[in-house]
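One chain, chain A, links the two complexes that follow: it is found with chain B in the first and with chain C in the second.
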Partner chain A sequence: MDILVIICLVLGFLFFLGGAVGILRMPDFYSSLHPAGKLDTLGILAMVMGLALYNLHHFSLEAVLVSIKMFLIVFFVFLSSPTATHSIVDAGMRAGLRPWTQKKGKE
Partner chain B sequence: MVSANGPAQGSESAEKETGFSFFPFLITFVLMFVTWIVLSGKFDALLLGLGVISSLMIAYFFHDLLFPNVKPGVMRVCFKFLQFIPWLILEIVKANFHLLFLVFHPRMKEMIDPHIIVFKTNLKSDLAITTLANSITLTPGTITVTASRDGVFRVHAIDRPSAESLPGVMLEKVANVFGETL
Partner chain C sequence: MKLLGFIIVCLTGTFLLYGTSDLPDWGDPNSPASLHLSNHYIEKAVAETEVPNLVTAVLADYRGFDTMFETAVVFTAGLACFLLLRDFKPKEDRYYRHVPTGVVLHFKDKARQLRVGTEFEAVDKDWVPSDMVIKTVCRILIPFIQIYALYVVAHGDFSPGGGFQGGVIFGSSFILLAISYNLKTLMKRVSEKFLGIFSAVGVLIYVGIGAIAMVMGGNFLDYSTLAPLLPVNPGHIRALGMLGVEIGVGIAVMAVMAIIYINIVSQGRHDEGL
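So, the complex of A and B:
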């Protein structure tokens, strides 16, 4: 059980780290939104799953309820995160920002 | 005769629009009450009674807000949607590892190739289009830029492999869930 919790937390940490590094490394606005919007979503899923499992150590009704509340957080993040990402990209497109593209045959 | 008939017809059609239908009311009530129980976590008679009363009030006022048009096949759609979710999560995990690999790759700028692809689908209902758009955005490597009401999607993809898989399997699954033709 503990091992499962640790695996989940480490995975979540890895996803969050990847998201943060990705925001800094990607070449332009649109492509840095890819790691920002999605690695975070999966990171929160992994981390909350680990915490919910840890919370169920002392199995009781209240612990189950707290775990359900944690998964409600995940549910709302899964609803709102793609919508927010989509609206940011849409705003960028409307403002006329051109996406960065690979320059072929130049170098 | 005409003047007597007019108002009656008018009120009848108004009643059809704002009329009280039982099924959305029941769903809203159950949903609100389950949320109340989960969030309160106490099972006193007082708290449960307060929950029943407030859920009833909210369900009465807002039953047409959450589920505006409930059709008979809605349970089937819900069931299929529940089958769709595990597949979606698996897909998200797989694609997230791909994106993670890209992010930590030393020569990332040579591997990514951002571009925009446009494709047209025959999805009709708003819910199906929204679901497909959000699923595309959740699957890493692709972000929906615009999704118009007549089913035209513009998607920003980060590299070639994630763009190639795009209007294929996911569209089939979503169309299957909502019973739409491809």
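So, the complex of A and C:
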């Protein structure tokens, strides 16, 4: 059980780390939104799954209820976070921001 | 001029920092704030009010007057926003969109009207086609947000929460509706009259509960005198009184949030905006 919790938390940590590095390293607005939208959502899934399992150590009805509530948080983040990213990209396109492309003849 | 401003800012900052040296340390047990009333609240609140959440007990019972006038301040903010921004003059230019073809017609003559129906719809000047992803997700989320807001209001005396927070969450669900669809969709569901009446009704509920307590022979906002009115355990009556008060606060805050948002984004015209 503990090993499962640790695996989940480390996985979530890796996702968040990748997301943070991606936001800093990606060349333009749209591509840096990509890790922000995807990896943060996945990271929250893995982290909260680990925490919910950890919460079930003392198995009782209340602990199960709290874990279910944690998964509700994940559910709503899964709905809202990609939608927010989508709307930001949409607003960027409407405002006329061109996506970044590799310059020709640079190689 | 910039230099002068910089010097003034620096001086003010220095004086403010100098002033903080007289403040007690954070959480100092010997500071005046934690010597007298705090101990009383922490030791006696559960015994006196039977409310598990100490913060709510202090907010809605010990400091009931304070919270009542906070609600009145919120109401006044909504009223001020209405009085300053509301513009009843109809707009000069109107835009209609022919739905099947997507052609937008611009009417400059005030007298000319187009019947809005399935063929034409009235649109804003900077109308953009609304996005299906955002609309669908918001349609799914808004009921959950509203239920959660009601939960926060109703659970105020057991866990963190209360009228202000719940009202803000409920109001933000209206704002989300206006952002994801458009302002007209929101105005169709909650009219200006509804919001105006409800912002006053919230304050009225709060004051009314206080006045009922007076009629029942107690002090203003003394919830314990309400016990004969309700068939519940008399010990629990204070928590119920606080719940009623929190509902009033929640209604007022919800309506005022929506009023402020609608008036600001549409520049007081209530017809178009974000």
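Here, the second predicted complex is superposed on the first by the 104 of 107 C-alpha atoms of A that agree within 3 Å, B and C clash if a C-alpha of one lies under 4 Å from a C-alpha of the other, contacts with A are read in each partner's own complex, and residues count from 1 in each chain.
Everything that follows uses one rule, which is that contacts are C-beta pairs under 8 Å (C-beta built on N, C-alpha and C of every residue); 3 or more make two chains touch, one makes a residue touch a chain.
Since this is a predicted model, take the numbers as computed values, not measurements.
In the superposed model, A:Pro27 makes contact with chain B only, not with chain C. When chain B and chain C are set side by side, the one touching more residues of chain A is B. Of the two partner chains, chain B is the only one touched by A:Pro99; chain C is not.
When the two complexes are overlaid on their common chain A, residue A:Phe76 makes contact with chain C while staying clear of chain B.
Once the two complexes are overlaid on the shared chain, A:Phe15 sits against chain B while remaining clear of chain C. Counting contacts by the rule stated earlier, residues 79, 83, 86, 90 of chain A appear in both its interface with chain B and its interface with chain C.
Contacts from chain A toward chain B in the complex involve residues 14-15, 18, 21-22, 25-28, 30-31, 33-35, 37-39, 41-42, 45, 62, 65-66, 68-69, 72, 78-79, 81-83, 85-86, 89-90, 93, 99-102.
Those residues of chain C that touch chain A in the complex are listed here as 128, 131, 133-134, 137-138, 140-141, 144. Partner chain C is touched in their complex by these residues of chain A: 76, 79-80, 83, 86-87, 90, 94.
Chain B meets chain A in the complex at residues 38-39, 41, 89, 92-93, 96, 99-100, 102-104, 108-110, 112-116, 133-134, 137-141, 143-146, 156, 158.
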